[in-house]
Each structure stands twice: as structure tokens, then as C-alpha cells.
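Going by the order they are written in, the chains are A, B and C; count residues from 1 in each one.
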Amino acid sequence: MTTIEKTNPAGNPAAADTAPLLEVRDLHVEFVTREGVAQAVNGVNYSVSAGETLAVLGESGSGKSVTAQTIMGILDMPPGRIAKGEILYRGEDMLKMSTEQRRRIRGQKIAMIFQDALSSLNPVLTVGYQLGEMFRVHQGMSKKDARAKAVELMDRVRIPAAKERVDQYPHQFSGGMRQRIMIAMALALEPDLIIADEPTTALDVTVQAQVMDLLAELQREYHMGLILITHDLGVVADVADKIAVMYAGRIVETAPVHQLYKNPAHPYTKGLLQSIPRLDQKGQELYAIKGLPPNLLRIPSGCAFNPRCEMAQDVCRTDVPALHRVTDADGAELVGRGSACHFWKETLRG
Amino acid sequence: MGRYVARRLLQMIPVFLGTTFLVFMMVYSLPGDPIKAMFGDHAADPATVAHLKHQYHLDMPWWQHYPLYVWQLLHGDLGQTFGGVDVSQVLSQAFPVTIRLALLAFVIEIVVGLGLGLLAGLRRGKVADKLVLVFTLLVISVPVFVIGYICSTVFGITLAWTTPTVQDSNNLGQLLLPAFVLASLSLAYVARLTRTSLVENVRADYMRTAMAKGLPRRRIIVNHLLRNSLIPVVTFLGTDLGALMGGAIVTEGIFNVQGVGNALYRAIRASEGPTVVGIVSVLVIVYLISSLLVDLLYAVLDPRIRYA
Amino acid sequence: MPDVIEKEAAVPGSASAPATAPAKAGKPRSLWSDAWRDLRRNPFFVVSAALILLLVVITLWPSLFTSVGPRDADLQHHYLGAADYGHVFGADWFGYDGQGRSIYARVLYGARASVIVGLCVTAFVTVLGGLLGMLAGYFGGWLDTLVSRLTDIFFGIPLLLGCLVVLNAFTHRTVWTVVLALGALGWTQMARVMRGSVVTVKEADYVTAAKALGAGTTRILLRHILPNAIAPVIVVATIALGGYISTEATLSYLGIGLQDPTVSWGIDISSAQNVIRTAPHVLFFPAGMLSITVLAFIMLGDAVRDALDPKLR
């Protein structure tokens, strides 16, 4: 199976020549449920370098969030189970580390931002306490200093009147402000990598853009790696360097962001792009991929997408496609591109 | 907050009047003639009966009697028992005993109930959890009077660790067993509530955040999980303190504790209207005040609750 | 609480719902059918349902299990226990009470009073409290104020205490006196539960939709509100049923509940208390049956709650 890093990630040229910050190798995660074992992640490979933004795209159930939780080490085990794979942080396999080593990485080196900031913040503790906790636990700071740091952080994510609001509780903030607090919390110890799991999904459209811009700006400022998990193609276009599209626990396509939009090499990606409403299509019926996402307890044999794919042939129902390197019409390799489709050529050119 | 307390205090007045009225009507308007009962099988002298009825206002219709009763109550006069003793004097003897018993039971309820609940909730699905589940189910199912008799017989007579009944209500050692029996039902509820609350909160999103922050396990449990999970438990404990004081009829009877429950039971059996109404009125006040305090405590513990 | 036993969580977060739902897309899955599926696998439910079934059979036809009557007394058997006559099988292995009556027969016949009190009080409070709670929750206004204030007032008096006061006024008490007293003092709990549930449900979009479509009030209440609001009431009612049985026994034990000649576990326990050391079997069997009965209903209520509460699933 071809892995992404062998095809040398494109995107940010500064990042390209440094060793990857984080590398996921052949990760398999399962869930033991009453009905059977659900295959949530089936051999995912991806990597992200400092200063680079990787967008992981997929519908619910595609395994994008489970992969992120596995990286963070906050997966519920049981029912979750890591069947196979490696997660390398600066070259070292985190899955082999002690609990204490992993804890020190969490929050300090790799931080995470969650979708719903209201439920993700502790309702009975002030935001100042929750921000300051990072400094108190990881840096042994005093309560007073930690509070001052919390105000500083709130200023940095542009929360107005931070000094007064530091002692307020999460429910006293608006949705956008709460998500800024989540960002501030992730940013607190200036980590190498931030994983943002649908950071704007719960927000109003106008607020979405502000939060996304803030996140992108801070990422540039601190030269962090960013894994942006989303189901929304619109969100990633402006901020991501490269995209990994996931389906049924596998990566089905990888590409630098603009190439993917212009010229997808997997029927699923193509379908996703076609189902975005566009102004020039006004009046036409909106395209929708037929069928439903697969049941993870019974993933279809062959290519998991085959029951929904318009191009599916017999081979698609029997053979699991590897992630093929994608080349252009002249046979020259397109850097950073891969497609797990038997008919990627036809898809790319058709 | 001050305005909220004032409003709540005002709201307590109709509830207090309603509850005392309900008890009053139950005692005085139901069939049965307490004065006749006083004489037992002896033929009563009609003049004496009439005099007694007048003395206890039993010759009044309820719409005169009840306002009079409330008026006297407001002046701290709870009336007299048929034996001619002030009800307030009966209470002042019985209440300290019951308060001692209830507080002891309360401590047991907190320590054992909370302890078991934490054990079960933090070891969810393990053997300890299942044992706690079985224990609480048994305690809830076996009626208190059965538990009381078994405990009294086993610990008081067979093992002779303590006295089977309480001889000296100042002796905390003797009160310990009755307190345990009194607390048994509540501690089972506390254990179950604690466990349920922990299980619900363990899956909360903020717990995932706390983990992602790289906090040590101990801190996640104490500062994040418990701080949230214990809110409903503390609320329950608050309401229960009032219930422990009023609900000791069975336990006090089994262990012969000379407290409020016992006095109340004797008064009910003897159809001593004034004593019953007097004791219940005081219990209602205790209940109302404790539920107000619980509401205020709730606001302190959970910042999302705002009182306007 | 039986959620301890079966707690294989579904795939968490985004992966769960869409991943498993389509598999059974052909079959409609409502809260009730899901709950039923959960219940059948719950050993607590199976055990408690079997116990309750057995109890109902004993209540209806106690003579199926014994040919001895509960009032057949033979003073030769005065306080005889199993240990006294050497063999432990047969109808007399529960022993005899002070009047030489078969405890086995009394325990069987005593089920009737407990089950009748439990079922009738529960039916009474569920219908009365449920109806008033539903109307108060749905219409609000003065009815709501009235029901809420009444509930507040009744809550100040513990059930047992209130029943003691009321029942003491009656010199002749039957099962029905006890049922009425418990019901009259207990309905407010159910009204409170139902009211809270209805207040939540009536804000739901499907209720608004039904109103917009011009459905009548009765139809909305019966077809839309009731089915969606009743789950918490069922749970509370099941657990309360065990509580009522326990309260009846306590009242009888205190001498203010059922009276001879009614056969009741509470009466038997009460009369056993003086001989608990010399003839413990006289206390043990009625107390055991009573506890098992209460346990069965509480376990059933627990199982139903776990099945109906998707949060804990």
C-alpha cells in the first residue's frame, strides 16, 4: 500500500523539507459493540509538518474523529481498541509510550479543539480557572499567575473585556466567544500541533469565518501543525494545504487542496464536490450521492464505496483498491496526490 | 439573591398554611371521638365531656378552630396534650433526641452512601460496582422494620455488640445502630444517585476536554468529574435531612428511642389531635426551611442556576 | 441500574448513529421497540418479570399451591419450625405460627393483600395524578397553579405519616380503606412527574405541527402528548408500586393498616416480632416474601428506566 509520505507532501514548501511532526501509520481502530466489532478506522496513513494544515474530510462515521481521538489518546477504551498501527510524534511511537509520557504530550505538545464549546467546557468552573489550569498543571504556576496568563490568552484570541470576563462561566459567553476560549485553551502552552475537530460546525455562518480566520492566523504566527477535521468542503478551501478524504475508515484520496477541488481522482470526492450548491447552478436540482454511508459492522467487500458508486465494476466488489499514485496525462507524478480507486485515471480525466 | 429569598419565604406561607390545614382536617374532621376514647370503656360524665371538648376547642366548627389554632401557633403556642402538658414541652424533650439521631444517620448516609456510590461509579462494570448494586437493591427492598428487627436481634442480642434498644439517648454508641437503620434507605438512594450521576458525567464532553488538556487522572476526577456529579447528590442530601427527622417513626419504635417519631406515633394511636397537629406543624416548618436551603445551596453549586 | 450489566457502548461520537441505523432501515425503530429489545436482554428484567408473574398467579389462585387454608389453626403446631420436626420438604417446611396456622399457606394467601394494594394504589395514582398532571402541564393557567400548589402542600407530609393519621380514624379497615388512603395522599407525586414531562413534550415541534394541521385538543393530548410523555411516569409508577406494598406492610406492622381476618404479610411480621428469638421462622418467611416482592418491582422499574433512558444506553 502506498503511503502519503512516500509521495512527499506538497503544500507549504517550508514545511515540505522538514521531517513530519506527526505521522499516522496504518492505523486500525475497532469498537466492540453488542452487535459485533465495528471497523471504525481501517489502515489510515497521514502526516503533518510544522506550519502545515492538513484537512481531513469525511461524513460522520468515516473515522476522521476516531483517528483524531486516537492520536490524542482520549479514545474510550473499551469499547474502542487499537488493533494495529503506529502514531509517530517527532519520530517516536506514542502508542508505545507510558501513560505519563502521553499525558505530558497532551495539551503541551498536541492540543485539541472540539466541536461544541458549550458542552466541552466545564459548566461549573470559570473560564479563567479552566484556562489557568493548563499553566498550573503543566508548568506548576501559582493560581494568581495562571489567572493573569488566562487574561493574556483571552486577549490574544480577541475576547473583549478579558479582564472582567475571566471570572465568568462558559454559559455566559456567546457561541463564537466560547469557541475562542477553546482555541485559547489549545494555544495556551504553544503546542506543536493542534487538532481541530469540526471547530466551526456548531457556529453561525458569519461567526464561522471569524473563528476560522483566527485559527489560521494563530497557526501561522506560532508555526504550528494543524489537523482540521471537517465534513464541510467549504471550510477547508482557504486554510488547508492538503486534504485527506476519508470514507468508511479509509483514506480514499489525498491531494494538495486546489488540485482536489479542480480535479478529483476519486468518485466519492467528485460526488462531494458536485453536491456543493453553486450560484451558477441556480434552479437545477442539487446533486446528492445516492445511498447511505456503510454500516461499520458490515463494510462492503472490495471498495467500501462500490454500492454507491456510479462507476463500480466487478473488480470494485472484490478487490480493495490501494492508494494509487496519481499521475497526469503524460505519466508525470502529481506530487502529494493519491487515490484509492481502481479507476482513478478515468475519474481524473472523465 | 436577597430578593429571591424574600420571595421564597413569602411563597412558603401558603404552603405552610395548606399543609397544616390538611393535617388539621385529617385529624379533626375524620370519624372517631377522641374525648370518648379517653374514657375507654367507662361511661363518661356528659358535663366533663362537654368541658373537655370546650377546653380543646373541639366544640368549634373547623372554620373557627383552624384560624384560632394558627393564631396560637404564631404566638408560639402549640396547645396542650389531653394530659394537660404543653405540646411544646413534649417537643422540647423529644426533639433533641431526634436531632441527635437524625444527624448521626445523616453522617452515616454521607460517608457510606457517598463512599459506595463513588466506588461503584468509578469502577463501573467491575465486581465492586455489581456488589454495590446488589446491596442497594436489597436495602431498598427490605422494609425498614424488617431491617430494624434483624439488626436489633443480631447486633443487640446475638452478638451483643450494643443494646437491642436505646436505654440512654445521650449515649451516641447506643444510638449508632438505630442511626444506621434509619439511614439505610437513604444511603442506598445516595449511593445509586452518586453512581448514576458519575456515569452520566463521565461521558460528558468536558471530561474529554479535561483529558485532552493532559490533566492528571486525579485532578480530572476530583476537580472536574466530582465537582459536577455531586451537585444532585448534595441537593438530595439537603432534602433528606428534613425527612430523616420526620421519618423516624418506625426506627424509633423498634429501638425505643424517645424522640419525635415515637411521641408522634403514640399521639396518633391515642387520637391526641393537638399533639399530632403540633408536632406535624413543626416538622413541616423544618421541611420547608430545609428545602429553601437546598435551593440556595443549588445556586451556589451550579452557576448556571440564576435566581431573579 | 442494571446498565452495569450491559454497557457495551455504541461507537462514540460521530460514528455511531449513521453507522448502525441504516442496517435496520427497513424496520421502524421507535423508543418503545428499542426499549423492548433492551429489556429482553436484561437479566434483571427477566428475573423480576418472572417473579411478578408467579406472584400474580399466587394472588389469583393460591389454592393451586396449597390445600391448607391460611386460617386453619391447630394449636398442636404452636410455633413449630422446620427444625422441630426434622424434615424440610412438603407444605409445612415454612413452619407454623403461634396459633398453629401454616406459615406457608399464610404467606401464599398474604400475597393477595399486598398485590391488590400495590396494583390498585398505583392504578389510582397514575390515573388521577397522571390526568391532573397532564391537564395542568398542557393548559397551564389556574389549573396548573392549583395542581402545583396542592403538590407542594402534600409533599410536606410524608406518605407514611399521612396514612397513619388518616387510617387511625377508621376503626374498621379493609384493603380498600388502605388503598384509598395511600391513593389520596400519593397522587401528587405522579402529577408532578407527569406535569414535568408534559411541559417538556408540549414544546416539541411535532406538537406544533399537529396544532398547525388543525388537530383537536383531545387528539393532540391522546395521540401526541401522552405517548411521548408517559415514559417517566411508567418508570416512577413501577418503582412506586414496590414502595406502596412496603408502606402497606409498614402500616399493618404498626397496627394501623390491615386487620385480622385479612391475611397480610405486615400483620404476620408484626405478630412475629415478639418471638423473633425463639421462632425466627415466623418472621423470616413473610418478611422474605415481602422483600422479594418489593425487590421484583424495584428491579422491574430499574430495568424499564434504563431501557427508556437513551442517555444511559
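Keep this in mind: a contact is a pair of C-beta atoms (placed from the backbone, for glycine too) under 8 Å apart; a residue touches a chain by one contact, two chains touch by 3 or more.
Being a predicted model, the structure only gives us computed values, none of them experimental.
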Pair joined by the larger number of C-beta contacts - B-C, A-B: B-C
Centre-most chain, if every chain is reduced to its averaged C-alpha atoms: C
Cα-centroid distance, chain A relative to chain C, in whole angstrom: 51
Chain B-chain C separation of Cα centroids, rounded to whole Å: 23
Centre distance in Å when chain A and chain B are each reduced to the mean of their C-alpha atoms: 54
Junction residues of chain A - those touching two or more other chains: none
Chain C residues touching chain B - in the complex, by the definition given at the top: 1-5, 7, 149-150, 152-154, 156-158, 160-162, 164-166, 168-171, 242, 246, 249-250, 253-256, 269, 273, 276-277, 283, 287, 290-292, 294-295, 298-299, 302, 311-312
Sites on chain B touched by chain A in the complex: 204-206, 208-216, 219, 223-224, 227-228, 231, 301-304
Residue ranges of chain B touching chain C (in the complex, touch as defined): 14-16, 18-19, 22-23, 26-27, 30-32, 120, 124-125, 129-130, 133, 136-138, 140-146, 149, 153, 157, 192, 195-196, 199-200, 243, 246-247, 249-250, 253, 264-265, 268-269, 271, 276, 280, 283-284, 287-288
Touching residues (chain side chain A, partner chain B) in the complex: 72-74, 103-108, 111-112, 114, 116, 119-125, 133-134, 137-138, 169, 171, 182, 185
